[in-house]
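The two complexes that follow have subunit A in common; it is paired with subunit B in the first and with subunit C in the second.
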Partner chain A sequence: MQTENYLIRKPSLEKLFNNLIGSGKTIFAPKAKGKLALFDNVKAYGEITEDYIVTANSAKSVVFPRTEKLFSYHKSKEKTEITDAANSSFPEVILWGTRPCDAAAFIPLTDTFNGDYKDIIFNSRREKVLLLSFSCNKSDDYCFCTSVNSGPGNTSGSDVLFTKLPGGDYLAEVMTPKGQLLVRESIDLFEPKPEEDKDRNLAVVANRFNQKEIQAKLQNLFENPVWDDKSRACLGCGSCAYVCPVCSCFDIQDEAHGNKGTHLRCWDSCGFGLFTLHTSGHNPRETQSARWRQRILHKFLYIPNKSKIAGCVGCGRCSRSCPADINILETLTSL
Partner chain B sequence: MNELIKKAVALLESDSVQVIIGYAEGTGTRTRAIFITRTADCENLIFDSRCVQNLAVYLTKSEIKKLGKPAIVAPIPVLRSILQLAVENQITENDLVVLGITPQSELVDFESFAAIEAFLSTHQIVIEEKYQETIREIKAMPVTERFAYWVKELEPCFKCYACRAACPLCYCTRCTVDNNQPQWISVASHPLGNLEWHIMRAMHLAGRCTDCEACYNACPMSIPIHLLTKNMLQDVTENFGTYGPSLDKLNTLSSFKPDDKESFIR
Partner chain C sequence: MSNQNIYIPYLMRIEKITLEAPGVKTFRLKFENEQDAGTFSFRAGQFGEYSIMGVGESTFCIASSPTRKGYIECTFRQAGKVTSALALAEEGDIVGFRGPYGNTFPMDEWKGKNLLFIAGGIALPPMRCVIWNALDTRENFKDITIVYGAKSVDDLVYKDELMEWRSRPDVKLVTTVDPGGETLDWKGEIGFVPSVLEKTAPSAENTIAIVCGPPIMIKFTFPVLEKLGFTEENIFTTLENRMKCGFGKCGRCNVGEVYVCKDGPVFSYAQLKLLPAEY
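Moving on, here comes the complex of A and B:
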């Protein structure tokens, strides 16, 4: 569809939020927690923080919860009853305050769940999500969105992208029919588009590498000292994968209680030694460096080979949250 | 820290050790662990108040052990962990050189683990008043309120196990939570699974934790899990006397005495 641009004044933005809450919508937005901002369920506009580059957690859990019930069962003498979660109705969720990188991440994430198998639960959740993103007016040294085909004002994935203008009003770029519907429902809050140049109001994020070059290099880098060098301090936790908006590996678990039980999909991480451990005791990825290599190759070689786009949106969350200060950008630029 | 650098160079040159585990500048204002095997890299060693990661965690990691005999830069929290690892027979004196750092940032040599214990006896673990107050407040809550408090605090936990990975005393090669035959602890990070994990973690560290706060510092969601271990530390102190690693004493909660004052155990 043709993009529609509007001006929305600062007080109107709060009214928009209140209209949405008033109509019973579930809203997830950045909330301050100590020095962090976390995506969390919010009920009032005042709970939202504007003081964040990106939230510490990603927004992926609204479509790919860390624990998802796939089905439950109940056995009796006569029969076994199975309740398939794919038949349930999923809540409408509004993501308020996603960054362009967060919104862009929904593209590779959706690809993953729509390969040979179309994941009904994921897709049902995804259909119910509305992404109201906010452009970045600040960045830090961990950000590298511009190196992975995105940027601080990129509209990909967002239903509406708001960009803060001098004076505190916002440019609203309406990108999808879902976004259009939102605007139509509160049309009195939107005014004709401003003259102000959007790009002048965005953070500057320097281009740090060429993704195609990285992809080409990685073809022949399976055995290389860089993996050891850059991962030596790795503690082997799953923090990088769990804060990543694109990482989608999961583990299937069964929780049984007598005759009843549930079949669950739980997040998993290639950073864990257990991830590739065979029942024989053999582990094809025996060291942390082999696991770090897998993380980089998956995002910058395997995913791009398959679906043309990188499995990384340059949000920098993995580097910020790493307890050992392992930095993905540092690895990529030293290849 | 010229003295530290000189010492590190000397240790590598004389082949007394093959790797120096220390701190270096990281990204932004952060510092990070560095593993130096060449004398030319020793100039990257730093030490200041930003160096809070507990390096003792690397002493038991197989990737680091492969590098050879280490010398480790050890401020007080690292020294405490080294002593506790020694108590638990995870490291031996001959396999390690300890480059101790006093609270005044002075370099101090330790000839033995006993010397570390003597030094630490003058630097006892003290739970800061602000934490004592928080713990008192939580303990004063009625049970249902306290339960709700922890369910809420642990809600952001997605079980990345950074707390486990950063802890020098969580050195098991296979953790109970990684066992699935039988599965003792739920893998899922639903409220029950999160409670199970954090209670188990705290209980496993009771009588062993040296209050370095590595778990809390590593948590990407800033969950105050160190309150659990600090509380256990206080409880152990109140019930079993002085707290802290000691080469002559067994771990408080994993030792057995025939003359125990509790009758249920006999």
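Moving on, here comes the complex of A and C:
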């Protein structure tokens, strides 16, 4: 669809929020918590913070919850009954305040859950999510979106992208039919598009590496001292995977209460030693360096080889959250 | 399948339990739902996720042959949480099964060839599926040789079937146990599988070798096969890695770029040589 551009004034943005809340939508937006900004359920416009580069957590949990019920069961002497969680009703969710990197992450994430098998639960959630993103007007040294085909004003994945202009008003770029519908419902809040150049109002994010070059190098780098060098401090805590908007590796666990229970899909991490451990005690990825290598290869070699897009959007969350101060950029730029 | 929740298992009733060896059991499973029994099909080499609801799922091959309709069988050793719960199940109980997953042994391409099966210990089950498939379509293959070893006589699985294979004129069966694992009346070989294979010296001419066993056995068997003249394209094995989903999503069974669950579990030695040591 052809992009539609509008101007929306700052006070109208709040009205738009109130219209959405008024129509019963669930809204997740950045909320200040101590020094952090976190995507969280918000009920009032005043709860939203604008003071963040990216939130500490990603927005992926609205489509890929940390714990997702796949089915529930009830066992009795005579029979076993299964209730399919795919038949549940999933909420309509608006993500307000996603950054272009967050929105871009929905592309590889959706791709992963839609190979030969189209994940019915993931897709049911995804269809009901609307992304209202905000361009970045500040960045930090952890950001590298421009190295992975994105950028501080990139529209990929967003339904509407708002860019703050010098006067405090916003440029609204409507990217999808879903975004169009939202604008139509509150059309009185939108004005003809401003003349302002969008790019002049964006943060500057330096290009740190060439993704194609990294992909080519990784093809023959399975055995290399860099993995050990760069992972020596790794604690195997898995926080990089938990904050990553693209990471989607999962575990399957059962939770039983007497003769009833649920079958669950839970976030997992290739950084955990238990991730690949066989029952026999054999572990194909025995060391933390083998696990770090898997993380890098999966994102920058395996996913791009398969889907032509990187499994990383350059948000820098993994590096910001690492308790051992391991920076993914340091590994990527030292290959 | 594409519009359904793939995680919902078939409900299977345990029709028969056979104790194969200490800690090793075979379950014969029948579909609770008649309709499922009619639509379900699989091919030799594929696997599934077997579950006890409330405990979890465990990955094993389908150990019965696709030529035997109406049921599937699995053979497992009691080792972890799920297999311990499975081991407590009784005939008539319900278990879950998801599958079939993975690729298959290219048996159509093996028509007119000799088949050499080499298995160690609890790795006979994935091969038993192929062996019975070949025996049930015997006219498609020439000589069938089976070299099977275990730690001790007690640890050999499918003891009744070994007797049956031994008595068949169209099968050559060589059984062996590790030194010290023999009993007083043991009539088979004594020695490790690779050296017994070397002594048996099957011809590589027009022959496909299918190898399955613990990593250490595989490691020493491949060089023997190469010495006997087998090319790497004519040697097949089936890999195992930790799995959760079974269809390439959960992210743990990959060996380099290759997913054991989806691209495997069956690989030729030629394919295996291109993979990094991550299994």
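The criterion applied here is as follows: the second predicted complex is superposed on the first by the 333 of 335 C-alpha atoms of A that agree within 3 Å, B and C clash if a C-alpha of one lies under 4 Å from a C-alpha of the other, contacts with A are read in each partner's own complex, and residues count from 1 in each chain.
In the analysis below, a residue touches a chain if its C-beta (ideal position, glycine included) is under 8 Å from a C-beta of that chain, and two chains touch if they have at least 3 such contacts.
Just so it is clear, the model here is predicted, and its values are computed rather than measured.
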item: Which of subunit B and subunit C A:Lys33 touches, first, second, both or neither; value: first
item: Partner chain(s) touched by A:Asp251 [first = subunit B, second = subunit C, both, neither]; value: both
item: Partner with the higher number of touched subunit A residues, subunit C or subunit B; value: C
item: Which of subunit B and subunit C A:Pro284 touches, first, second, both or neither; value: second
item: Touching partner for A:Asp116 - first (subunit B), second (subunit C), both, neither; value: second
item: First, second, both or neither for A:Arg66, with subunit B first and subunit C second; value: first
item: First (subunit B), second (subunit C), both or neither touched by A:Tyr302; value: second
item: Shared subunit A surface residues [contacts with subunit B and with subunit C]; value: 251, 253, 255
item: Contact footprint of subunit A on subunit B as seen in their complex; value: 26-28, 30-35, 53, 57-58, 61-64, 156, 158-162, 164-166, 178, 186-190, 193, 214, 217-218, 220-222
item: Subunit A residues within the subunit C interface of the complex; value: 70-71, 73, 75, 79-80, 82, 84-86, 112-113, 115-121, 222-223, 248-256, 259, 261, 263, 265, 268, 270, 275-280, 282, 284-285, 290, 294, 297-298, 301-302, 305-306
item: Subunit B-facing residues of subunit A, complex; value: 33-36, 38, 56-57, 66-67, 140-142, 232-233, 235-239, 241-243, 251, 253, 255, 264, 266-267, 269, 272, 274, 287-289, 319, 321, 323-325, 327, 330
item: Residue ranges of subunit C touching subunit A (in the complex, touch as defined); value: 1-9, 11, 51, 53-57, 79-80, 83, 94, 215, 240-242, 244-245, 247-257, 262, 276, 278-279
